[in-house]
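Before anything else, here's the structure in question.
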Amino acid sequence: MRPSGRKLDQMRKVSFERGFSKHAEGSCLVKFGDTHVLCTASVEEKPPAWLRNSGKGWVTAEYGMLPRSTGERMRREATSGKQGGRTQEIQRLIGRSLRAVVSLEALGERQITVDCDVLQADGGTRTAAITGGWIALHDCLKWMESRNMLKVEKVLKDHVAAISCGIFASQPVIDLDYLEDSSAETDANFVMTGKGGIVEIQGTAEGEPFSEEELLTLMGLAKNGIAELVALQKQAIA
Amino acid sequence: MRPSGRKLDQMRKVSFERGFSKHAEGSCLVKFGDTHVLCTASVEEKPPAWLRNSGKGWVTAEYGMLPRSTGERMRREATSGKQGGRTQEIQRLIGRSLRAVVSLEALGERQITVDCDVLQADGGTRTAAITGGWIALHDCLKWMESRNMLKVEKVLKDHVAAISCGIFASQPVIDLDYLEDSSAETDANFVMTGKGGIVEIQGTAEGEPFSEEELLTLMGLAKNGIAELVALQKQAIA
Amino acid sequence: MRPSGRKLDQMRKVSFERGFSKHAEGSCLVKFGDTHVLCTASVEEKPPAWLRNSGKGWVTAEYGMLPRSTGERMRREATSGKQGGRTQEIQRLIGRSLRAVVSLEALGERQITVDCDVLQADGGTRTAAITGGWIALHDCLKWMESRNMLKVEKVLKDHVAAISCGIFASQPVIDLDYLEDSSAETDANFVMTGKGGIVEIQGTAEGEPFSEEELLTLMGLAKNGIAELVALQKQAIA
Amino acid sequence: MRPSGRKLDQMRKVSFERGFSKHAEGSCLVKFGDTHVLCTASVEEKPPAWLRNSGKGWVTAEYGMLPRSTGERMRREATSGKQGGRTQEIQRLIGRSLRAVVSLEALGERQITVDCDVLQADGGTRTAAITGGWIALHDCLKWMESRNMLKVEKVLKDHVAAISCGIFASQPVIDLDYLEDSSAETDANFVMTGKGGIVEIQGTAEGEPFSEEELLTLMGLAKNGIAELVALQKQAIA
Amino acid sequence: MRPSGRKLDQMRKVSFERGFSKHAEGSCLVKFGDTHVLCTASVEEKPPAWLRNSGKGWVTAEYGMLPRSTGERMRREATSGKQGGRTQEIQRLIGRSLRAVVSLEALGERQITVDCDVLQADGGTRTAAITGGWIALHDCLKWMESRNMLKVEKVLKDHVAAISCGIFASQPVIDLDYLEDSSAETDANFVMTGKGGIVEIQGTAEGEPFSEEELLTLMGLAKNGIAELVALQKQAIA
Amino acid sequence: MRPSGRKLDQMRKVSFERGFSKHAEGSCLVKFGDTHVLCTASVEEKPPAWLRNSGKGWVTAEYGMLPRSTGERMRREATSGKQGGRTQEIQRLIGRSLRAVVSLEALGERQITVDCDVLQADGGTRTAAITGGWIALHDCLKWMESRNMLKVEKVLKDHVAAISCGIFASQPVIDLDYLEDSSAETDANFVMTGKGGIVEIQGTAEGEPFSEEELLTLMGLAKNGIAELVALQKQAIA
């Protein structure tokens, strides 16, 4: 039995609130149950230095947690003077995931920064951030299209979404919340496209090593979950 | 004429959404028009080092802006490696303002940190933060009272709220939004208690120096505005 | 009775030692009693990046305290790796105060940096820094005028000086020294021009909130004190 | 055809030079072809603060690259003032991988730090670091056993080793060198134990998303490679 | 001919102004011509952590330059976020030099920090700092003696003073000013005790290597100069 | 008797392993007994900013110690966020020493960075770094010559090498190892050219001050030692 009473293959309620921020070119408050992440996409009319005169643009991501998004207040990274290792790992993952479905040539010499700020955390912040970040990126590109800056369908090649799966109390489960996450034996994050291609897979044994069979079971759960997330993304932008 | 069409002495619509965060002991999403600040109060069962064995507690505040809370994306302070001067100035002001209505002896050897994170900015973030921060602090103390840790009425001596006033297009106006703020000739922030005592006043000539008469006019506007904010706080916690 | 035996409206002995530094274009060792601040003005033939090609220049200030300028040795900010919040607040105030009496257009595309370093502190370092910083700035402009770079009377529109007032032992007093400052109920800093315009006012209740009447009393003290400081500035540069 | 002329399933020549450092309790210079990593294990007779009085110890890792370990000189992280995101990601991976085969209870309240410093890089530094780090850790535990501090077989539960596999020029290959790594379509790192359990898997699509079949092919290659590495570890410590 | 018109073996005018700072336990404004360094000695009733329960104390030094102590304004180290290499080198030298004449056992478990802040620089700041720092240290110990904390003659074993010598325009000269220092062929700093023992010698060829004979000539100059400085120290504390 | 059994004037076994790194333009693993330093020379086709359009190039050095190069593990400078004072002092010394034998005009507008990383420390790391750094620099220049970028004999004016001497157990000794270094009464480092010119001398009394005679004795030892090191350099590059 899962602490939340969910079935093994049942994700939390997922919602997208587009246009949460009035300033950003694209924005979305994504909720995976009690995990709430504000994603904003900001366009800048110049690419990073190393892409100048290449004809290509860049999509990058930054990630942060509000100090009291968590059960215990965390120290603010701005006061500790640097982003921690976990923060950097996550924002690098979000950036790679979004770039996997973007044509940087069609984007042109510009940079889009997707900021993912966790307002409330209950496990799965990185998967929510990727899934909601895609909406913010999409809406940013739409905003650009409406100003004749580009064609969305040339830049955005596919959907991308992410989900965590893990082995909790010896059972394979999807979309772990904080309680499950903190005692799972194995934890894996999957990032996939709308067509089902794998963009990123990260599996970690927290306790005992896991087997190939277990990995495949988790991947089976993830495929279904991500298909569902992509369907919800489609509804949201319809 | 004000850009928003408001009257000279008309504040923006103010609202408080209590309990916005499920983890914090007290929390409030405060809105002054399009300025949205998430305030959370976190209690820690030990005071700062310099108050150990003094019998007294401490209330402090931290302030931050999400990178795209503003019209143009700002650099994240966690990546620039330090909090800027403006951030520090504001969080010191919020902390002093809240401490002005708290009995640190009655609080006992504990620390309450009020985090004020700007989700969306349109002028007046520091005054919204103080006004909403008081709600978060109040609710945190209520939470502590319900656990028999203290009596709210002994700790919290009064309300505190804040408003900006300024001279815009040669007219004294209250609660400046970003458009007004960025071209005001004079800008003043007032922090007052429920009983009308002044906790803090900060007036700055952005262009020409101002006169004592102008300062008194702005203070008159502020008194009315803060009385209104205190009334709204009372409604919110009723 | 004040600890120093001064009358309520009596400032400490104020002196200016011009040309204290042989390298700086303008310099002044200002003393407000035992508070000694070395102010130097340095001109640089290029403005900050955001003013390039604007035709305008900039005046900025930096503030520091020597580690043993105070009763207890403080940690050197260069070893702690950053300027603290109080330092940044003060140097921003000094910069705004000096810019209030400068025509940045007439200055042209240059930057003047006024460094205010506290050699010895006994309360009121920021007001001494503004008052002495004006002398250093004036002398720097004179130096530039003597090289036909500008006309002082076009750049420097007025005097500016500053004084603190506060309520100490229930009495309104001017120019608080450290003993008074550390137990004052209310503390206010006033920055005014030679013509009596207000540039900045910052009033803070350290204990109980204060009333409008008290603020006006303090402002009355400040007006007289600043008029006296401006007279002393005039003597000094005569 | 691989640039090195290796067969698709052929790893580079792997060697371990134990006792490379005279000071460390355990040390090993590991070479995967032209990738050379110096691993040292240092024991400290106190655990990290959060494990005090828990009866448990800790194993952690740090990773660094010499500035000219790479084709172009990189900036030294000590001068840039922080470890980059990639460095932190890798050292966290090494630490998790080694802890997966250690009984922290049997280790007792101590900390072992495994430093992995890349003397020369040619792709696969993290997999070499894990594989060689295990040797350094083993030798450190042997050193402790010889001083009657613990029993190695109680602390060290299994071997752990790692290898990268990827899709290069549309072919699945093992142990990518720098040339292959920088143009691979898919890149995956596998960490497994001597018994064949999976400790960590990280797969990333550098270009097009990859399929489950491709992942399984890479895993097949990895299993054989890691079995071979474990055999080499056994020889080395024999 | 030296730019200043001094003879080859003629030092600049040296003066000591004791008690320059009212707060410090010992203080001295030392001048070597236009080089002015404010030295303060601060005592703290606990030694550094690594000396606890050793029965010994510590003497350390910190060095800084005011931003406009130099011909061109330098960036403030507090804003650049760290002390530069030159600063650290100099403060380490000052600390070693002063400790050479102190009995740390007789001092007992306390720390004295000698801050040397350059108000105006014209070459030779480190030698002035050592020579004036000794006066500040002496006066701090006297202050302690007057409170029955120790006996000066048991703690302070001798005088220490320092001077620079160099080869300028092919001639050996003593006490180089900035003009000489910036074009000297060889530059050497000597630190010696009152009894003539050598505490530190640092000689550097700025252009061509120098010979042993040249070094001995410079040392001869230094011996005389330091004897003179020690005589001046004796006068100053008389 | 020296702990190692060496004679007073006997250096440790010195060896140079050229080409240790496959990427660097020049590289050398230098060993002075158990002190092992990896030196790499990297050329960059642009000089530092302050030398642009001067026609001159630059040679600089950086120094680091692996965390477990020492008897006790040291904190990694990349995690403490800055290079310590000792590190900066040493790398500045290495840079000055190498520049003393280079014609920066003949080098042209380029920069060569010599990285000296201590793999294992047993006293004398800075002298080993200078001596081995010269080999790396020489080989880098040879590499450039083979590409017709310059003529080695025009750029490299002489050999440079370094050795430490000190007074240990009241006896003058050469090339102190860690045991000797940590209890020496006097410690001096000498840097000299192939022709016997002195480039740098740094002598420090660790306990009692030393005399001119003692310094001359140490210099005599150093001259012989450096002559031997230069002979070994010549063999190595032959």
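In this document, chain identifiers A, B, C, D, E and F correspond to the written order of the chains, with residue numbering beginning at 1 in each.
Simple rule for what comes next: contacts are C-beta pairs under 8 Å (C-beta built on N, C-alpha and C of every residue); 3 or more make two chains touch, one makes a residue touch a chain.
None of these values were measured; they are calculated from a predicted model.
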| item | value |
| --- | --- |
| Contacts common to subunit A and subunit F (chain labels) | D |
| Subunit B against subunit A, contact positions shared by both copies (same if over half, else different) | same |
| Chain centre separation in whole Å, for subunit E relative to subunit C (CA means) | 33 |
| Centre distance in Å when subunit A and subunit D are each reduced to the mean of their C-alpha atoms | 28 |
| Centroid distance [mean C-alpha coordinates] between subunit C and subunit A, Å | 50 |
| Overlap residues in subunit B, where contacts from two or more other chains coincide | 81-83 |
| Order of the ring members, counted from subunit D so that subunit F is second | D, F, E, C, B, A |
| Interfacial residue positions of subunit C with respect to subunit E in the complex | 21-24, 27, 34, 38, 40, 42, 44, 62, 64, 66-71, 73, 76-79, 81-83, 87, 113, 115, 117, 119-121 |
| Complex contact set, residues of subunit A against subunit D | 82-86, 88-89, 91-92, 96, 100, 188, 192-193, 195, 197-205, 208-212, 215-216, 219 |
